[in-house]
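In what comes next, chain A is part of two complexes: it sits with chain B in the first one and with chain C in the second one.
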Partner chain A sequence: MSSLFDLVISGLATGAIYALVAIGFTLLWQTSQTINFAQGEFAMLPAFLMLAVGRTGAPFWLAIILGALLSVAILGIAFKKLLVDPMLRHGVLPLAIATMALSVAMKESVKQFFSAEAQPFPSIAPSGSVSIFGSEVSLQSFGVFAFGLAAVIGLNLFLERTSTGRQMQAAAQNPTVARIVGVPVERMIMLTFVINAALVALASLLVTPIYLAKFSSGETLGQAAFIAAIVGGFNQVRGAIIGGLAIGVLDNLAAAYVSTQYRAAVSLALLIVIILFRPEGLVGRSEERTV
Partner chain B sequence: MKYVLMAGLVLLTAAFAAPALAQDIQLVDVAELSGGGATVGTNFKNGVDLAVEEINAAGGILGHKIVVTHADTQSNPGVARAQVQKALDSNPYVLLGPGYSGSVKVTAPLAEEAGVTQIMGGEAAELTRMGNKFLFRTSFGQQSSMPKAAKYMAEDMKAKSVAVVWVNNDFGKGGRDTIEKEFDRLGMKVVADISTEAGQADFAADVAKVKASNADAAFVYLNEEESARILKEFKRQAVTTPLMGETTLVGQKVIELAGDAANGARAHVGLTTDAPIDSIRAFRERFVKKHNYVPDHNGIKGYLAIYMIKAATEKMGKVDPKGVADALHGLTIKAADQPGILMDVTFDENGDIDRQGFLVEVENGKQVIKQILPKLH
Partner chain C sequence: MTRAHRLLAIAIGAGVVAALVFAPLSLNRYGLYILSLWSVMSIAAIGLNLTLGYAGQVSLAQGAFVGIGAYAAAIMTVDGLPLSLAVATAVALCFVVGWLLGYPALRVQHHYLAFVTLAFSTLAFLVFRNEEWLTNGVYGISGVPRPHIFGLSTTPPLRFYYLCLFTLGVVTLACWRLVRSPWGRAFVALRENPMRALSLGVDTRRYTLMAFAIGSALGGLAGALYAPLAEFVDPTSFTLSLSLNLLMMVIIGGSGFFFGPYLGAMTAVLLPEWLRIAEGYYLIVYALLVMGLLIYSPTGILGILDRYLRDRSAKAASALHAAAGASLPDETAS
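What follows is the complex of A and B.
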């Protein structure tokens, strides 16, 4: 029983990270029809930017701040202006393919210019454990879950309770009407990209101490987040949250009770089932489009 | 016009004469320079480069300079095979690597068919049981190391029940099969047999299974990066089960990646730069000076491989690629005669080695030698 509890807690922690990355997916899709296949690498790169700043001799806290700012600049602003805007003119599919190329370029660049080997990365969450229901539960898992949850709640409050947040939602739901009522749609879209960059930077900061900084760590993260976004509902932020947490827990339980070799198959099987029987996702809205 | 022809003839003669004078010893190193095994291959390559630089600075092998090229297997046996085929097409003096046993398994038949000696880093027991007369180890095969590890767990750790965590590749399977046979022979019960995947990032479920098994000790046999991740997870879940491994669990890079989560882990190791041996200390200093970091056992393997080639070639008294394997079989290389070999070693007919070994424990981020196990013969 305590083993099940351990698995659920650590699954929720991993799931919170998947949720952060998945939220970014859904936000980009909702506001600008961007499917970002480099999202996993977006969650890999900030850790390396922080490590690179750290190598100049800066203290860890400064490296985090500067690394996060660099991430926002590169993965938010530069990504939007240099890749999304020019490619989106040609349609959603060319942009999606361009992000696949970006994913490869990012991985290989980190491998080439930083290192092919894994690097250690310090944790901002506390070490040690606490006893709950007879189980020693890691404070790091709690910390990761708490940070992730705080970010998600903060984002929701921003979207629901602030004028800027509501303008972002308006721009996502109907950009034409939003423009008419005076919402600065282009600025709102740029803000979405900046928020995505901030979310993946936080995800990177939380997950890298566990998975180690490695150029290939975006592959599993990106796949898990993509599945989470679809399972939860690609057009709802809360879908990404529910999908992320569900995939995190399911993955752990599958590894423990099914098999380690087939753990990935369980979430992929769930993805197939959802696409076949409930393509809008668990809490997504049904959307139809003529093609 | 005839002057042009004359000039052309002179140049052509020079072009043919030049190789006849130099006759460098061409080595190709096929290593895991990226992918899950990047630590293994990069260390091996750096060890090779250091040895080549030292030997060339001292005049080469029998007056011939060594030239080495490195190829990346991407830790993928299919890519390794292609890289080795390409390497063999260039008729190397000796083939170095790969480090991953799965990659060695698929490339060894190619080198054997080409009659090229292959000095590699793989440790799976089956590699030297394939009847390949051209394959040589640089470290203990599992058939030598696992009995020593199991004996330590039985006698020193007093473990009666063991959880075995292993990586699902040729290296891990070979190790698990060998050690579980030893546990059986020693009357120890395997209460959990947990397979993990190469490149796996999340070990929460596997560590939870170890915890739930209530084993007296856990034998953990993964590759380097995965070893670091599982050690961190053991710490995160506050698991107090004593951990034992074989070489990889306590490697230098693993300690660097796992931080203080590595403290307390024990292992049988064949090669360690923390060994209280002057030649190894000196090697470590030279390596750190050249590469700016402390090498793990893979760095030592790469370094030794070049000195094995030097010793075999000097024994033959000539640079003869066809004779290297025969020269190595049955050869004992003493560190007093060939300091680059670091410790006395004997190679048997199968390419296995007999050499001193160590039992280590990680304390405060360093490997501390607890026992020295002497060379058998």
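What follows is the complex of A and C.
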């Protein structure tokens, strides 16, 4: 069995990826009450788009850039315009169901048009390992964690410090007032969809070298991100970060110390406890309860 | 509803029942299986429609109750106990568990409730998969027998289909009574405005728990029929995707419409089969159709009909207004 330290480090690496996916999830909820059940598949598709571009003979770096741009166009702009906009005013549930259908469509499309087999995916982090405090930590885990954390901190700075970021927050918290004081609410909402697409593209790029590119790989990732978002606080970007890291580490520790069979149960039990006793999440603000 | 409308409704109802009774006579084994599955899923969706459509409590756990019912029936009938006893146990068990699952609904609502029930669903799956002493783990329980009714074996697919259809009929009648009873009205009051319901003396606490318990019990009943229908149960049949699928059936059919679950189950069970001509692409086509439908009518299939009827009666009313002058009281809108 690997040492506690190793487990925590690799848990943090996975957690950083969960956090990336979870942040997008909470952003969509905050700005447009979209519960995106296809979020896991959103993090699966970009890797395939990159592979598809790569098959045309483009160099790897170009494939990454073009794949990410395609992701933003499809998962950000097209998703918002074609699916979310027509359904938004009809409540949360029909749209949630539509995103479930979307996840089926995405999985099946990848299976049909690309491959049902798992595809290898080159890593952007160097291989090998470094020694920290006397234990070997793989550079890949380290790189994933560093990349994920940098993106998350960058996003947080953008939201807190820049004018656009603050306008986005205003649009999310109170669209009516935001509109009155001159925030272009529609554009801000579109921006969150674009940011979500960029985040899942990054998550896809980081996670796929570890688990291979497979049409079904979004399922576990989506559920973990979902739990992370709620545990941390559904209405807070900060919450999603803490939730992601916590679930990543907890899941790893549960697998090692509880049982591999019930490892998923630990985070789910945490989810239930959190919702019942602290529904606003670990660091979230309490949301006004609809009676 | 006018006399002509009522006659039309009775004629359509009789036609549908006749089709469900006589059309399967010409179906092969697989066709009968699919149609039986439709009846079973309809029962589960009716239960969820009570919880969600009428009482307004979001549940992503209906698939878990179908699983609990199916495992209860499989374990008991494989041990040689009669299916009737297994059905009673499954329904009672799901009623109690559903009642308990209702408690979180007293604390949290809407999407939070969805997440709690979602977690429950996944936990139930883990229990099905891991408690090998009870459920035989990933291998599942095979050889679930079909029952004898009045000494008549229901092993032939046609006879078992009639058993499913009969059960669906009984559930339909019971629910028809329920939604028109004071209970049904209390459920709707709970959905529309819980605060006002409470101030009018509706015991919202009890009805919330009841909405969960009754809906879940119907899920258990569906499961208890599913086990002998498939003659095999394993954990993969009762993952979260079954719960999501059942939720989709309710929404697609038309949440809160009495006949919504039947149409929703038809869409979810039969439509993919009809689309098999599209071969490998059939699930893609299916998913795109579902999205298209929801974009066109977020209130589901019956929402389209409802909108059409309302438009027509509104038009008729305004035509009448125009003819008789604005002083005429509006009587046609009802």
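By our rule, the second predicted complex is superposed on the first by the 287 of 291 C-alpha atoms of A that agree within 3 Å, B and C clash if a C-alpha of one lies under 4 Å from a C-alpha of the other, contacts with A are read in each partner's own complex, and residues count from 1 in each chain.
Here is the rule we go by: contacts are C-beta pairs under 8 Å (C-beta built on N, C-alpha and C of every residue); 3 or more make two chains touch, one makes a residue touch a chain.
Given the structure is predicted, the values throughout are model-derived calculations rather than measurements.
S.K.: Return first, second, both or neither, reflecting whether A:Gln261 touches chain B, chain C, both chains, or no partner chain.
M.R.: The answer is both, since A:Gln261 touches chain B and chain C.
S.K.: Please indicate which partner A:Phe37 is in contact with in the superposed arrangement: first for chain B, second for chain C, both, or neither.
M.R.: second
S.K.: In the overlaid three-chain picture, which partner chain does A:Ala98 touch, first (chain B) or second (chain C), both, or neither?
M.R.: second
S.K.: Go through the superposed model and pick first if A:Met87 touches only chain B, second if only chain C, both, or neither.
M.R.: After superposing on A, A:Met87 lies in contact with chain C but is clear of chain B.
S.K.: Between chain B and chain C, whom does A:Glu160 touch in the aligned arrangement: first, second, both, or neither?
M.R.: A:Glu160 sits against neither chain B nor chain C.
S.K.: Look at A:Ile275 in the shared chain and tell me whether it touches chain B only, chain C only, both, or neither; answer first, second, both or neither.
M.R.: A:Ile275: touches chain C, not chain B.
S.K.: Looking at chain A, which of its residues have contacts with both chain B and chain C?
M.R.: In the superposed arrangement, which is not itself an observed complex, chain A uses residues 111, 261 for both chain B and chain C.
S.K.: Note which residues of chain C are touching chain A in the complex, please.
M.R.: Chain C reaches chain A through residues 58, 104, 107-112, 114-116, 119-120, 122-123, 126, 129-130, 194-195, 240, 244, 247-248, 251-252, 255, 280-281, 283-284, 286-288, 290-291, 294-295, 298-299.
S.K.: Chain B touches which residues of chain A in the complex?
M.R.: Those in contact with chain B are residues 2-3, 6-7, 10-11, 14, 111, 115-120, 127-129, 136, 138, 140-141, 209-212, 214-217, 220, 251-253, 255-256, 259-261, 263.
S.K.: Where on chain A is chain C touching in the complex?
M.R.: Against chain C, the touching part of chain A is residues 35, 37, 83, 86-87, 90-95, 97-98, 100-102, 104-105, 108-109, 111-112, 223, 226-227, 230, 234, 261-262, 264-265, 268-269, 271-272, 275-276, 279, 289-291.
S.K.: List the residues on chain B that touch chain A in their complex, please.
M.R.: Contacts found on chain B: 33-35, 38-39, 42, 168, 194-197, 199-202, 204-206, 208-209, 211-212, 225, 228-229, 232-233, 235-238, 253, 256-259.
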